[in-house]
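Next come two complexes built around chain A: one with chain B, the other with chain C.
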Partner chain A sequence: MSIPPIFLTESTLRALAADLLGAGTQVIAPVAVEVRTSPSASASAACRHPGAAPVEIEYRVLGDAAGLDLGRRLPVLSLKQFFLPAHEALCRWRQRGTTVQVEAVPTEFAPQVVLAAKPCDSAALAVVDKVMNWDYADELWNGRRAATTIINLACPVIDESCFCTAVGASPDCTKGADALLTPVAGGYLLEATTEKGWAFLAAHAERLKSDAGKGGEEPLGHQAADERAAARARAAANLEIDAASVRAWIDSHFEDPLLAALAVRCNGCGACTSVCPTCHCFDIVDEEEGVGRGTRRRCWDTCQAPTFTLHASGHNPRDDQNSRYRQRINHKFAIYPLKFGEVLCTGCGRCTRVCHAGQDLVEILAAIDVVARRPSTTTPGAPDTEAAS
Partner chain B sequence: MSIYLPQLATVTDLVDETPDTRTLRLELQDAAARARFAFKAGQFGEYSVFGAGESTFCIASPPTRQGFIECSFKAVGKVTTALREVNIGDTVGFRGPYGNWFPVDDWKGNDIVFVAGGIGLAPVRCVIWNVLDRRDEFGDVTIVYGARSVEDLVYKRELQEWSSRPDVRMVATVDPGGQTAEWTGEVGYVTPVVEKTAPAAANAVAVLCGPPIVVKLTLPVLAKLGFADEAIFTTLENRMKCGLGKCGRCNIGPVYVCKDGPVFTAAQLKQLPPEF
Partner chain C sequence: MSELRDIARAILADGRARVVIGWEDARRGARPVFATDPDDADKLIFDARCVHNLVTYLNPRRDNVAELGKIALVVKGCDAKAVAGLLREAQLGRDDVVLIGVRCGGVLEASDLGQPLALTPENVAPRCHECDVREPNLVDYLVGDPQPDPPRPAMTIDERIAALESRPLEERWAFWTEQFSKCVRCYACRQVCPLCICERCVAEKTRPQWIEPSSHARGNMSWNITRALHLAGRCVGCGECERFCPVGIPLSLMNRKLQQIVAERYGYVVSDDPEKPAPIGDYRLDDRQEFIK
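For the complex of A and B:
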């Protein structure tokens, strides 16, 4: 089944959001949020963007259609938070004497729509689907995925930290999403790519008809294609790697000094794993809520913390930051691809932008790519390891 | 229903093995779940005290004894300390069984040598009883167990029982200085005892579990005795939370210990990055 792209103006897009909200459907979309931090942080943000109000873009549950931000900037946190919340209940318990009652949490969710999602964020959901479904199915993740229709907005590529095209995504991909909006003169072209997407178009056919004939479709199609090709070229200019060679090199150079050298600035704060759309590692903790009752929760955790792998005996298999950073690189670019056939990264660049120590994943992958493509195993800057393998 | 929902279990027995190690016997409260429950030697579970959280231990009782499971743990962390406070009749949570298992059925007709150190006897005990409950199916059974001191030996009554069985060769050893005046076992590390007592490797498998140093030092001894890497089985410990291959914690190299393990052959161990 295929439906030709539909032209719609921005006002129709906002009207569509209003229709959804009016029908009681939860809509998640980028919104501009005023930065509320310490006075000094606000001042420094203001310095960086002179004249502009200090705002950040965040995915939020939309209150009204006017709040939808179509500026195509990158939300600080990815869409992950709406599928694997920073913390969520797994069950609740009540205990009285020797008797315990455990109450399950619902794993079915009301339908919701994500508007103007970043393609790197929807792609991340499709990547994480794999680990959430090998053998045991995570019903909380799957329930939210099933309930959600995701409409991407083609990305212009944010800055030099973007590298989606190097890791199997692209600024206009619909991986993990159901439809794509591409900006064209006077509005957007909307095309659905999944059954859920087609059902969405059908459900809102009345509204989407309103701009019919306003844009001549053929030239707009070319415009959209050009816009998307230009963005792909911008992303590719930031980083091109041979993913298979990178995977093979990481897999076979566990103790290579290059990996330690690339980890040197990391101080293990874990900010990268929080903002990452694909990092999904979690902790499970009990939270008491008064005497004899409480909630078992899972919450985001980070492989960059020493406690992540600390055994009760005191033994820690990854007891220095180098080994923890190496694990992050390994898990994303070697282990996950070997196990699930996909790189655990969609090139959003958030980890680089958020890192206060200056760890730059574009730089790191480029460095690994250089040695991975090189026929000899010589590592630059490590002359004592020049032995051929 | 969520895969993270625990089943409820009643503590029906408890044994203090050492000053800091306890064994709990648990029975699932739901009769249908209890009847349905099945596991294989080597699998593990997530045990919880509500309010303290979940902790990961192997199932230390054998699958040949039904209606209950046992776990043994050292009270060293928040959950294990809380588990040590529970009494007979109390309710705890259990999720499982998880992970892979020892291929006991493949060992029919083989001699088996069990080597364990400290609390590492818990997963091995499950296999020992599983084998002894089906004694006719296997060849010679040798058990080598070492602990730091006599006080640190776990399952003391069972060590006695295994020692007195004519169809088991049982040697216990304690580290030098850990013996008492009454101690009649060996004194010294497990490795020389393994070298002395292990059966001929030709038709044998080895089951090994203990602190990393015991595993590290015993593997070369078994190799020297002629055991192939594929005939040496061990069970790995790694910190876990979900037990279901989701939370990422136990991942080492290409394996998630909770799902690809916890049971590995020495051949598989050698494929993993040196990160234990």
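For the complex of A and C:
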């Protein structure tokens, strides 16, 4: 089944968002958030950094269709927070004498739609799906994935830290998503790529018909293709690696001094793992909420913290930051691809941008690519390097 | 610049230190560099983008840095206060480190810029306004020319605190509740802090669990307030916690407020003199203690 791309204007897109909200569907979308705001406008004005940008982009639950930000900038935190929240309850318990009652949490979720997702963020969900369904099917992750329809917005490529095309994604991919919006003159072309996406288009056919004939389909199709190809070229200009060689080199050079040299300035702060769309490690903790009752939660954890691998015996197999940084590189570019056939990275570049110590994954992958004896190529039009082979 | 590089080169050549930690110019702006070979000395730079407090690399938690051998560290005046903090708390011996001081006329808020920029009220790091050590003390070498004062920030940290304090309690509570709600508990603030020296942080203790690890309102409030209190009278105001915070919590407001309280109650202003005792390690008969009932 296939439906040709549909032209729609921005106002129709916003009307579509309003339709969804009107029907009670939760919509998640990029929103411009005022930095350091406060519910109190006066306190907020007093506390704003003079030099700071006034707004940041964040994925938020949309309250109003007008709030949808179509500027195609990169949200600070990735989409993973809506599938693996920073913390969530796994169960609640209550103890009476020697009996313990356990209250489960729901694993079915109301349908929701993500509008204007970043392709690197949707692709990350598809990558993480594999580990979430490896030796255990994670009901909470799968429940949210099943309930969610994701519509990507083709990305113009943000800056010099983007490298999606080097790791099997691209600025216009629909991996992990159900449909794609591509900007064209006067609006967007919308095309569905999965059954869920087709069903979405069918359900909103009435609204989507409203701009029929306005765009003159064929030239817009070329325009969209050009726009997408130009973005891919921009990403490829930042970094091209041979992912298979990088994987083989990392896998066979555990003690190589290069990895330690790359790690030394790292503060182990873990900010990279928080903003990463693919980092999915969590800790499970019991939090008491009174005598004999409490909640078991899982919370984001980071391999960059010493306690991540601290054994009960006191032994820590990764007891310095060099080994912890190596683990992050190793997990993403060797362990995960060897186990699941895909690198655990979609090239969003958030880790590089968020690192105030100057750890730069583009530079690090380029350095590993060089020693992996595959000098990086910059042949224009070369096919994307693909880890998932 | 050549003065800095010459000293670094000589230190590495004759073995006074095995590594010089300073700043270099990288793809995305200035960043820390670890020079281990005399030839690496040419990488060193110092300009207004060198915002990082490199003293975090002297933190006793940094086993991997200590393994490189004796460290020579490039410090601004404010950074030297953090060295004094480590000396004061016996985390470091003065002979363990070679200090190369740079005269500093203020730094930018962010390091990730391609070119050194002139400081303006909009881009200057607000902490530079309160600086009383443009010429670092405590150092073995001092390089650079005397620097003028940086421009006054559009709003100083003290003014922002005063503006916030002028609001009613409910508004302040709403402000901090909103700010802490953003925290994802990555602990970047702790990891980058030169004075967060605990081998085992209170946030990691589970028996008993003092601070809930989840990033809900309770857990975030107790984490952020506990960390601020653990740094009262110790924080040097370098602002690295705020700069590293991936979600932009204005931690400087809290840390600076605690500096104000400590100054008012104990007459202690963060000092780069390691001999000057900090209130946390000092007892005086006239200390105010009306809170002990």
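As a convention for this text, the second predicted complex is superposed on the first by the 356 of 389 C-alpha atoms of A that agree within 3 Å, B and C clash if a C-alpha of one lies under 4 Å from a C-alpha of the other, contacts with A are read in each partner's own complex, and residues count from 1 in each chain.
FYI, contacts are C-beta pairs under 8 Å (C-beta built on N, C-alpha and C of every residue); 3 or more make two chains touch, one makes a residue touch a chain.
For clarity, every value in this text was computed on a predicted model and none was experimentally measured.
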Quiz item: Now for A:Cys91: first (chain B), second (chain C), both, or neither, which partner does it touch?
Solution: first
Quiz item: Now for A:Glu139: first (chain B), second (chain C), both, or neither, which partner does it touch?
Solution: first
Quiz item: Given the touch rule stated above, what does A:Val285 touch, chain B (first), chain C (second), both, or neither?
Solution: both
Practice problem: Have a look at where A:Asn267 lands relative to chain B and chain C in the superposition and call it first, second, both or neither. | Solution: second
Exercise. Could you tell me if A:Phe308 is touching chain B, chain C, both of them or neither one (first, second, both, neither)?
Key: first
Quiz item: For A:Ile3, is the partner it touches chain B (first), chain C (second), both, or none of the two (neither)?
Solution: neither
Exercise. Return first, second, both or neither, reflecting whether A:His356 touches chain B, chain C, both chains, or no partner chain.
Key: second
Quiz item: Which holds for A:Phe254: it touches chain B only (first), chain C only (second), both, or neither?
Solution: first
Self-check item: Footprint overlap on chain A, comparing chain B with chain C
Solution: 283, 285, 288
Quiz item: How about chain C: which of its residues touch chain A in the complex?
Solution: 26-34, 52, 56, 62-65, 67-68, 109, 111-112, 121-124, 126, 153-155, 160, 163-164, 166-167, 171-172, 174-175, 178-179, 184-189, 191-192, 204, 206, 209, 212-216, 219, 240, 243-248, 250, 253
Quiz item: Along chain A, where are the residues that touch chain C in the complex?
Solution: 35-40, 42-47, 49-52, 56, 76-77, 86-87, 160-161, 260, 263-265, 267-271, 273-275, 283, 285, 287-288, 297, 299-300, 302, 304-305, 307, 319-322, 352-354, 356-358, 360, 362-363
Practice problem: Mind listing the chain B positions that touch chain A in their complex? | Solution: 1-6, 8, 10, 48, 50-55, 74, 76-77, 80, 89-91, 93, 211-212, 237-239, 241-242, 244-249, 251-254, 259, 273-276
Quiz item: Okay, in this complex, where on chain A does chain B touch?
Solution: 90-91, 93, 95, 98-100, 102, 104-105, 107, 131-132, 134-140, 254-255, 280-286, 288, 294, 296, 298, 301, 303, 308-313, 315, 317-318, 323, 327, 330-331, 335, 338-339
